[in-house]
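Each in structure tokens, the structures are laid out below.
Next come two complexes built around subunit A: one with subunit B, the other with subunit C.
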Partner chain A sequence: MIDPLVVELSRWQFAATALFHFLFVPLTLGLTFIVAAMETVYVTTGRTIYREMAQFWGKLLLINFALGVATGLTMEFQFGTNWSFYSSFVGDIFGAPLAVEGLMAFFMESTFIGLMVFGWERLSKIQHLIVTYLVALGSNLSALWILVANGFMQAPEGAVFNPLTMRMELASFAELIFGHDAQSKFVHTSIAGYVTAAIFVCGVSAFYMLRKQHMELARRSFRMAALFGVLSAVGVITLGDALGFVGGHAQPTKLAAMEALWRTEKPPVGFNVIAIPDQQKMENAYELQIPYLLTPLVTRSLDHVIPGADTLVAQAKQRIVSGIEAVGALRALQDNPEDEAALSRFLAHEDDLGYGFLVGAYAPDQDPTVADDAAIERAARDAIPSVATIFWSFRVMVACGLLMLMFFILAVIYTLRNTVERQRWFLGASVLMLPVPWIACEAGWLVAEIGRQPWTVYEVLPTWMSVSTHSAGYMLFSLAGFLLLYSIFIVIEMFLMLRAIRQGPSSHRPTGSAGAAGETALAAPVRSAEV
Partner chain B sequence: MGTLIRFVVFFAIAMIVIVLAIILGDYGAWYFAWVLGTVMIVLVSAAGGALLDTQESEKTEEDGAR
Partner chain C sequence: MEIYLLLKVLWWLLLGVLLMGVAIMVGMDMGVGTILRLVGRTDAERRVALNIIGPHWDGNQVWFILGGGAIFAAWPLIYATAFSGLYVVMLLLLWSMIVRPLGFEYRSKIDLPAWRSAWDWALFVSGFVPMLVFGAAVGNMLQGVPFRFEWNLASVYSGSFLSLLNPFAILCGLLAVSLSVYMGGAMLMNRGEDVLYRRAQRLVVRSGLVALALFSLGGIWVYFLDGYQLVQSPDPAIAQTPLQQVVERAVGGWLGNYQRTPLLWLIPFSVYATTLLGVAAARSGRSHLAWWLGALAWIGVIGTVGAAMFPFMMPSSLEPSHSLTVWNASSSQLTLTWMTGWSVVFVPLILWYTSWCFWVMRGKVNERDVASDEHAY
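Then we have the complex of A and B:
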């Protein structure tokens, strides 16, 4: 028997570690490319100020990278320790991208980041620039693989279930990698990292400009980050819509939750700007709507019907009944693999097997084959994830995205006119913008992951079945340990970052490097032929 | 006022770009778009830095001429 409390604690533990981990990841994804852009200018113009910039932001990147790797390591182990049935069930598919991700992150990325940090005096300019681009590519490619794995959980493609081994097996690696969810999710997440890094660089540069410190570095960094950010913000909003479009088709329950859409209505349906969802009554206690907007937004048509929660619950009931048949046939097959009748019965209901598993959480002895109508009703309603959480997380993310786009547009206007350092209110606002991308990223992950519930692999494997058979006490102890450890990591990160920012770029200048005489000199081209 | 007008114009352009990308997007070849987009973002950002240097050089020359 699986203890529901253990399921909840396992979810909390993974959510906590993932949310902590993703405080570090987006900055690494974006800052690597911003540093690469700075170094590109250094190599092409020979102006040492850009080398100074690349070294300074590279140091902040290194602090963030180290803690990102540390927090990411434990997550990979958690699949085995806390989600052992899940790992056994989809390990053949999930393991491959996870292994490649490990290789990318810990071999390619870590090797090249070492060369990047310590190779300034040992590599030629071109060699060092290539290394910096490889760090950027490596960090984003490691994200690619974990998002391919996550894409499979959201919309399982490229795999088949083997009833004899009770495991999913990889059928097409290409389908796994090029799944629509994986593609749009990777690009959305990667570019969200670009936006995060751009806000970070703008915020810190604005801090320097407010204090009239390191002006040469701050003005150039702000300019480059503003341009980097405005294009990225347009990209992240576009890809957010693409991900919503893909997700809306692959996961209609998530879409219904994101839009607080309880009833299937005649299209075109209105978009709920604000709503107070009541999950128990399956209705909104209050809603403020823009008429006709939702249908074209998520279907690109005016007459496509978007299923509401009522329709999805009704469909889930039918699929649960069918899934119970599949579970019964599966058991018969495990008793006798040669049973042809059981095999044909299983194949007839195979698509609904996950729903058969789902109802087990509410059935006596967690046995789906003895589930009564009440259990089926509860499981069907359980197929709709927490609407209020997803609805509001989604809106927070979108609001943050639009706010950042507006910020970057203003930043570009001011910086291209070379007046940004005189706009003190805007510099203050830039510093205040610092937490916004992190709020957006965390809210986005809440939408993605809570929106997938009650499944670990959508419509294939329910969350309640995926966990290990730990005791609740063990889970509580390890959860508390992780929260404590990760909180310490955050404090360390903040301390190191703030210290490095307060010290500024001058303390990172390597001994004997050009431009040590002062900032004006730094802006001058290098005379030596370093290439 | 000039800043506000510029902001409105740029925001409108951004929105048009987003809507066009959304219409053309759907099940797009997003990996390919990422490669192209990242290269463009990096190059535009780098060009912005180089442009600042040019603006400063011109300003220094103008100040010197006076």
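Then we have the complex of A and C:
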């Protein structure tokens, strides 16, 4: 028997550790490229200010990178420690992208970041530049493979269920990699990282300009980041829109939740700007609507029907009934693999197997084959994830995205006119913008992952079944441990990051001795005040 | 379908290679963490030790991460069952390991004795504990882990956290710690000078001898341990689940493979040869040779366990017939084929650029360099 409390605690632990990990990943994805761009300018023009920029932002990158690596370790093993049924059920497909991520991307990123830090004096300029690009490429390829894995959870493609081995097995690697969800989500997520890094660089540079410190570095960094940011912001919104289009077709339940769409209505339907959804009554207690807007927005047409929650629950009910047959046939097959009748019954209902598992949560002894109507009703309503959470997370993400786009447009205008230093209100606003991309990233994670509920693998494997059968005590222990450890981490990281920002690049003072390797005072071997 | 059989055995071998990679490369860095406070009495000495592995620890750690990913991809049932069945031990491993990147990156950012000392302890814990757990986990595999499967292959465990840290497991853990100290010490000899070199040298010699003693003791212990034997199982070349076999336990059963194939005795014998030669090399100052011999010793130790257990990977002490073997725990043929393809391309590439990085960063590290390098840890 699976304890619902254990399911709940496992979900909290996964969400907490993943959201925490995702505080560091986006900045790494983007900042590696910004640093690489700065170093490129240094190598091509030979101007040492750009080397100083690359080294300064590289230093901040590393403070962030350490925690990204540390918290990533947890993620790599958490599927096994806490989601063991999930792991054995889809490991045949899901494990491969994680392994390839290690082989192709993470090894490259981690090996070369050592050289990026320690290799300044040992590598030629060109070699070091290549190393920096390999780090950037590695971190982005990492994201690609992780999102291929996630894409499988969102829209399982390229796999079939094998009743003999009782698991999903790989059918087509190409379908797995080129799943639509995986591709648009990869681009959306990595560009979100570029936006995050651009805001970070703009915000910190603006802070220096406000205090009239490190003006050379701040002005140049601000300009590069603003240009990088405006392109990225356009990209992230475009791809986000594409993802909504793809995701809306792949996961109608997520779409209904994102838009608080309870009833299927005659198109074109209105767009809810604001809604107070009531999950119990399956309606909005309040809604502010722009008429006709939603249908063209998500279907690119005026006459496509967008299924509302009512239709989706009714469909889920039918599929549960069919899925119960599939589970029953599967058990019969486990007892006797030669049972022809069971096999044909299984094949007839195979597509609904996941829905059969879904109802198990409410059935006596968690056995779907004895589920009654009340259990089926409850499970069917579970098919709609938490509408209020998703509706609002989505709006927060989109609002942040649009805000950042406007910010970058202004930033580019001011920086190209060379007036940004005089716009003190704008510099202040740049600093205030700092938390915005992180809010957007975390909200985006919530939309994607809570929106997929009640499934770990959409319509294939329900969340409640995916967990390891630990005791609630173990789960409380581990959750408390992670919260404690991560709280300490974030305090230390923020402290060091703010300290490094306050110190700025000129905290390096020349040692005066052994200036052999450097060509100018700035590039000579120098050491920071503390180290 | 014979290809499937070959793929299973190939991935069993590759898993061994990955574990050896973890043991040798990550173990080396963790060994440095473990002995950091012994080889370095002053902050400057400790910084030299940290900067010797500084350029490499992050890349090396990927052996561990890749190990996790590869087990997931090639042995999903092992990934699912081992990491959840050993939950609290895995948490110990993860919690101690995730402190390590911070120890490297953050330690030298602030020049306060209390701050640096705290991180030195963190680096000790994150070097010692993971290696202890790593060895203890292998020890548990030899003893069998208390799990069984339900009809749908959901795993169920019994037994407590403390039973996972039993005396035999601790012995295996200490063996892993001592070999990691040996490797860490050898690396410090490679790139260190003066007092650091001499202290590391002493530790290499001692830990090598301790490792040999623990290895011998473990061998005798295994002789009296319950081993597992396949009595009946489906054709190894076909897809199957752990619910289709019959397994028996017998005292000394882990020596069965050695009795059937006496040539296998060369593997444990090689551990004695390489370790003793390694200790001698370290003593006579040939530290690079000592490092490579230590790596061979690791290969011998892991090979000894693998040869004893084959085809078992994770026996069940609760329900021996549910034991996970090379035949019933692997991925599908298609997944193994794809993974083989990816590995053929990328593993040589990884070895190539890792070697290049070590080559670029070759040479001695001293206190002056560390103090004047703003990028140093």
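What we mean here is this: the second predicted complex is superposed on the first by the 502 of 531 C-alpha atoms of A that agree within 3 Å, B and C clash if a C-alpha of one lies under 4 Å from a C-alpha of the other, contacts with A are read in each partner's own complex, and residues count from 1 in each chain.
Criterion: a contact is a pair of C-beta atoms (placed from the backbone, for glycine too) under 8 Å apart; a residue touches a chain by one contact, two chains touch by 3 or more.
These figures come from a predicted structure and were not determined experimentally.
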item: Subunit A as common anchor, with subunit B and subunit C clashing or fitting; value: fit
item: Touched partner set for A:A206, first subunit B, second subunit C, both or neither; value: neither
item: Comparison of subunit B and subunit C by subunit A residues contacted; value: C
item: Touched partner set for A:L31, first subunit B, second subunit C, both or neither; value: neither
item: First (subunit B), second (subunit C), both or neither touched by A:A375; value: neither
item: Subunit B versus subunit C as contact partner of A:D241, first or second or both or neither; value: first
item: Which superposed partner A:L294 touches (first subunit B, second subunit C, both, neither); value: neither
item: First (subunit B), second (subunit C), both or neither touched by A:A329; value: neither
item: Touching partner for A:M258 - first (subunit B), second (subunit C), both, neither; value: neither
item: Subunit B versus subunit C as contact partner of A:L446, first or second or both or neither; value: neither
item: Superposed arrangement, angle subtended at the Cα centre of subunit A by subunit B and subunit C, nearest 10 degrees; value: 120
item: Closest Cα approach, subunit C to subunit B, once both complexes are overlaid on chain A (Å); value: 19
item: Contact residues common to both interfaces of subunit A (with subunit B and with subunit C); value: none
item: Residues of subunit B defined as touching subunit A within the complex; value: 3, 6-7, 10-11, 14, 17-18, 21-23, 25-31, 33-34, 37-38, 40-53, 55-56
item: Residues of subunit A that touch subunit B when the two form their complex; value: 33-34, 36-38, 40-41, 44-45, 47, 50, 140, 178, 180, 183-184, 186-187, 190-191, 194, 219-220, 223-228, 230-235, 237-239, 241-242, 245-246, 300, 405-406, 409-410, 412-416, 418, 523
item: Residue ranges of subunit C in contact with subunit A within the complex; value: 51, 54-59, 61-62, 64-66, 68-74, 76-77, 79-84, 87-88, 90-91, 94-95, 97-102, 104-106, 108-111, 151-157, 239-241, 243, 331-332, 334-335, 338-339, 342-343, 346-347, 350, 353-354, 357, 360-361, 371-376
item: Subunit C partner contacts - residues on subunit A that touch it in the complex; value: 55, 62-63, 65-67, 69-74, 76-77, 79-82, 84-96, 98-104, 106-108, 110-115, 117-123, 162, 164-167, 169-171, 173, 330-331, 334, 465, 468-470, 474, 477-478, 481, 485, 489, 492, 496, 499-500, 508, 511, 513-514, 525-528, 530-531
